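Handing you this structure, nothing more for now.
Chain naming follows the written order as A, B, C and D, and within any one chain the residues start at number 1.
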Amino acid sequence: MAKLTIDGKEIEVPDGTRLFDACREARGGRDLPHFCYHPDLSIAGVCRLCQVEIEGMPKLTIACNTIVRDGMVVHTTSKRVNQAVTQVLEMHLINHPVDCPICDQAGECGLQDQYMDYGLYESEVEKTDKVLKKKAKVIGPHVILDQERCVLCARCTRFCEEVTGTGELGIYNRGDRAEIDVAPGVELDNNYSLNTVDICPVGALTSRDFRFQKRVWLLKSTSSVCNGCATGCNVRVDHEGGRIYRLKPRRNDEVNGPWMCDKGRMTYKDVHREDRLDRVLVRREGELQPISWAEGRQELLGAVKPGGVGYVLADPGRSLEELVLIQRLATELVGEEPMAGGVSDDGHDEGDDLLLSADRRPNRKALAWLDFAEKPAEALAGELSGASGVLLVFGGDPLAHQALADAASRMRVVYLGTHRTATAEAADVVVPLSMWAEKDALWVNKQGRIQRGQRAVLPPGDAREDWRVLVDLLQSIGHDPEVAGLPALRRLVAARLELEDENLLNRLPEGGYAPPRLADAPTGGR
Amino acid sequence: MSYKGLPDVVTTRRRNLLESAYFTEIARGLAVTGRHLIRNLFNTDKMPTVQYPDQKRDYGPRFRGRHRLTQREDGSPRCVACMMCSTVCPADCIEIIAGEHPDPTIEKYSKEFNIDLLRCVYCGLCEEACPCDAIRMDTGIYEIAAETREAFVVNKDFLLNNDKDGTL
Amino acid sequence: MLAIVLEATAKIGFMFALIMGLVPVLIWAERKGSAFIQDRTGPNRAGVLGIRLAGLIHPIADVIKLLAKEDVVPAMRHKFLYALAPMLVMIVAMSTYAVIPFGDYIMIGGEKIELIVADLEVGMLFVLAIASLGTYGVALGGWASNSKYTFLGSLRATASMISYEITMGLAIMGLFLIFGTFRLTDIVAGQGDLIWGWLPKWGIIVQPLGFLLFIASVYAETNRTPFDMSERDSEIVAGYHTEYSSLKFALFFMAEYAHMVVAAALIAVLFFGGYQIPWLPRPVLEANAGAMLTGGLIAGGIVLGIIAWAFFRRARREKGWYNDAREREPGFLGSVCVVLALVNLGALGLQPWAISELGASLYATFAQIGAFVIKVAFFSWLFIWVRWTVPSFRYDQVMRLGWQIMLPAGLVNLLVTALWVFAVHQP
Amino acid sequence: MEAFLFYFCGAVMLLGAIGVVIARSAVMGACSLILSFLGSAGLFAALSAPFLAVLQVLVYAGAIMVLFLFVIMMLEGPVMETETSRPKLWTTLMALVPAVIILAAVAIWLPAGRLPGFTSSVPEDFGQPMPVAAKLLGDYVFAFEIISVVMLVAMVGALALARSKRNQPWT
């Protein structure tokens, strides 16, 4: 342990701590001004903003590249430091364009923040004297580059070197001609390219997808969990006026660190896709006709009755609570056998060894915990051909498999889903469900970690919280689970998973919780 | 603390018998109102009332009237869709949809720029917030009329080509 | 029989015309008067071919509007009472006039016709009885609308009417003692006398306290400011007639002004000598009819001429203000005044100074009717004047004033008057 | 004329009386009672007693019933015709039987030939202010004053009863 004094405050930190982190601790969580320092990247020390005054040293030192020493006396806000930071900042700003009104970074820009803290001087550089560089250069499928705005902190190049190992970006030229760019013929097209946008402290790298869509200060953030694959990256849903504009990673060192893949970032588009179901549809004269919720509910309750239902099919894309309720409903309706947790052939794609998992369903682990077996399409087709009555499908798109569609063609299909899939087209009653960003739900990632996603936006049209629909169904067949709200529901789930504390799921820690008892349960699917 | 030498506690005088009998006081009140009546009866022209549609008051150059969008020298709108005005607007009456301009030197521009004149409170904060001097309220138009609520939502074309007429 | 019917019809017609003619004028006076009192211009827009008569066209426009408007009724009303209430109010307002003498008598074909619809022996009591029924229109209307505002309004109206009816009765009781009758014609006739040869024996002279109590309680009975708590806009929207619209509302609205007219007539009749012109009793009028008529015609002509001149001056000044038909108005009105002045002066050619005896009698009658109308108009205006001068009382202040001050004062007044009458008339 | 007035006012009175009994809402009942009072006032007027007629309207219809209505409206509030149960047969009978008996008694004991086309035989000064005053303040002054005192006592008592329930100080 090292004892040191920062700004007159004595703190004790472990040996080997960076002075930058020690300063943050001493300053009550407030970072030193910085551009290049990033805890998950190597130290570059190029921005020279985090300079501090250490007593006994003749010159100012950058805190990010200094390891604490016992007895250090550090000043971070002395006049000398402030003057130095201001001058360095002025250097950074010499060629920086006054683009803030049209810059997407405005509002979450390091340069703006630093300027408000240390700048506020009258610029001595004429606008016409600034070195002009390339603006709005498309360098990849997701990223657009503005070289003028770059402060050459080299975060992005380090990211491409150290995290993805692809090394597309580099710094070319020298002096005030130096600029970030890709080599000729190279594109920044790895699956993690948008992370460079996240870590870029200024508006040099911006997202093509989010470009000009919304000013960031208008966005509201909700923490949630990415549903793109079984990894379950922690995300921040940025939304406004009932519309999601982007997903950003939320740091969780147990799961995704500070990163997130580009594929996962684009999953929000499914929420606002054109073919979202928002009304109850009923097949009349061969066509799916929209009807009111009240009528649709009667239709649904009328179809789902013990004896009337021949088979129940769930999907690992549903939340943990829903799977628990679906399983319970299926047991009451059809007994133990004629049900499946999903089609085990679905939801697999290529993964990589960083974050993207080959298993593209967010909740397959939960199926395994619940002994809610998935079955291959052929086996299911065989079982379905033996069943009769109503085929109840919760989510997914099982009837995209021709064999299953053929087998189900004799049955009355009741589909509760989110999009107009092949299953919806084949169904007789279609009930809209809400998607992950539209509900408060629990997800079990491939590590067996239960994570909570909160509701960011409202579901479209008549769609509503899915567990309420399921509870309604259970009540209508006379098996009231007696859950009036989310806390009771979470207690029900905890009881089903035989967790030690029934309220554990109501007090889930920020980073989620992996129940040790269930850690060794086999992963579902292949 | 006393304000400008005024006493903190205002003491009220008890009414004397004549005053609390009301009738003399009412008569005095009648005299006051009657004086106004007679004076105005014989000086109808000196009344401060402005006969509005026939006469109009002159407003100062800083009067905030209906908005307009200014243009660059080449006639293109100055607005760069930075949303400062819509952010600062207390009535939330400005809706801007930004887009990529075909001209690379302009980069960002407002594809749509709608102002709901019914919601606008004419506070002028949008003028102050605008970094490009793109929105101004110097048209001096304050008579704004339309047949439907929808017509009060004016678009970019309207705001750029502001004629001096209140009808929408 | 036919003569009786004709006579009654004519009298009723006159009274009806007087009231219904005064109502729009009062509405106009209320608006224009309040505007001038508050340094505003008031209504001046509605006009027919540019003739606006300083806003007098507005009541006509209002009537057309109210007639043409949709009658919006609350769904949960008491259907029968809701429809009955405005009628009741109007009936009460109109029937009080039956016992008010508007003139002395008129000689037609040797017949002496009393100028009163029904000369009841208990005339004043009849007025009180009918006025007390007026409460029902207000109370039931407010209750039947099934709205909290109207209900509060009707409760307040009922309370104030109960409270002030007693004071009103007590206030005029002294008058009855002095004149020894309930009959309004006798009271008016009695006020033609002079005390000590120079002071008119008007009600206000012999009963000053009674007059103050009466005028205050009459204001309360008619729900006018400062006693307008049953329709106070700032507290209970419009009080008992909040839920009324169209013609039903018009009935309430007109009844308020009709009430005002009857109250003004009562004040005139009871305390200001009714049709009596002070110091000019009927014989004097008849004897000097010729001279007075001639003087009146000449004076009228001169006054009309001055008014015409004022109009023409205004027409010159207003030129180019509006650029439409309104600019022709002062000129037109000036021309009308000129014509009237010429008619006045031309009537001198009929030798009014040599008027016949019958003509003198008729002249006296019409002069007295004119005096009555002028008095009624003045006290109607006083209602308006007071409304725009005095702020309203609070509900509890109204109740306290009624029960704790005015009622005892009325009792004392009655006692003193009774003692005085006893002392004077006891042999 | 006289007979017409009598029958008309009688009909109005009866109509009002029936209304009082059968009205669903108390307010309508009170209104019917007022109608009945107006009918009786008309009867007085037909008997050349305008003073009594006016007093009838002034005191009963104008003052007392306004108070009644005031209280009813306060208690009932602004509510509309509430559903009430239909009267049972035996309650109807209990009302009808005495009514029929009384009617029959009147019909039997009423001297035949008196009613239609009757002639008035009231004294000339019936119901005039003077004789009424003479009776009230002369012959029966003691009873009149005693009744006033009794009513005053009743009023104070009612006030006291109403107050004591709320446990509020006198104001």
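Assume a contact is a pair of C-beta atoms (placed from the backbone, for glycine too) under 8 Å apart; a residue touches a chain by one contact, two chains touch by 3 or more.
A quick note: this is a predicted structure, and the numbers were derived from the prediction, not measured.
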Key: Comparison of A-B and C-D by number of C-beta pairs in contact, larger one   = C-D
Ask   = If you average the CA atoms of chain B and of chain D, how many Å lie between those two points?
value = 64
Ask   = Can you give the whole-Å distance between the Cα centres of chain A and chain B?
value = 46
Remark   = Chain-centre distance (mean CA atoms) for chain C and chain D, in whole Å, is 34
Inquiry  = Can you compute the centre-to-centre distance for chain A and chain D, using the mean CA position of each chain? Integer Å is fine.
reply    = 84
Query = If you go through all the chains, which pairs of them touch?
reply = A-B, B-C, C-D
Key: Residues of chain D touching chain C in the complex   = 25, 27-28, 31, 34, 50-51, 54-55, 57-58, 61-63, 66-67, 69-70, 73-74, 77-81, 128-129
Ask   = Which part of chain B faces chain C closely enough to touch in the complex?
value = 23, 26, 29-30, 32-34, 36-37, 40-41, 44-45, 47-49, 51, 54
Request  = Using the touch definition up top, name the residues of chain B that touch chain A in the complex.
outcome  = 80-84, 87, 98-100, 104, 107-108, 131-132
Task = Could you please specify the touching residues of chain C with respect to chain D in the complex?
result = 76-78, 80-81, 120-122, 125-126, 128-133, 135-136, 139-140, 143, 145-148, 150-151, 154-155, 158-159, 161-162, 165, 182
Ask   = Which residues, counting only chain C, touch chain B once they are in their complex?
value = 33, 36-41, 212, 317, 321-322, 385-386, 388-390
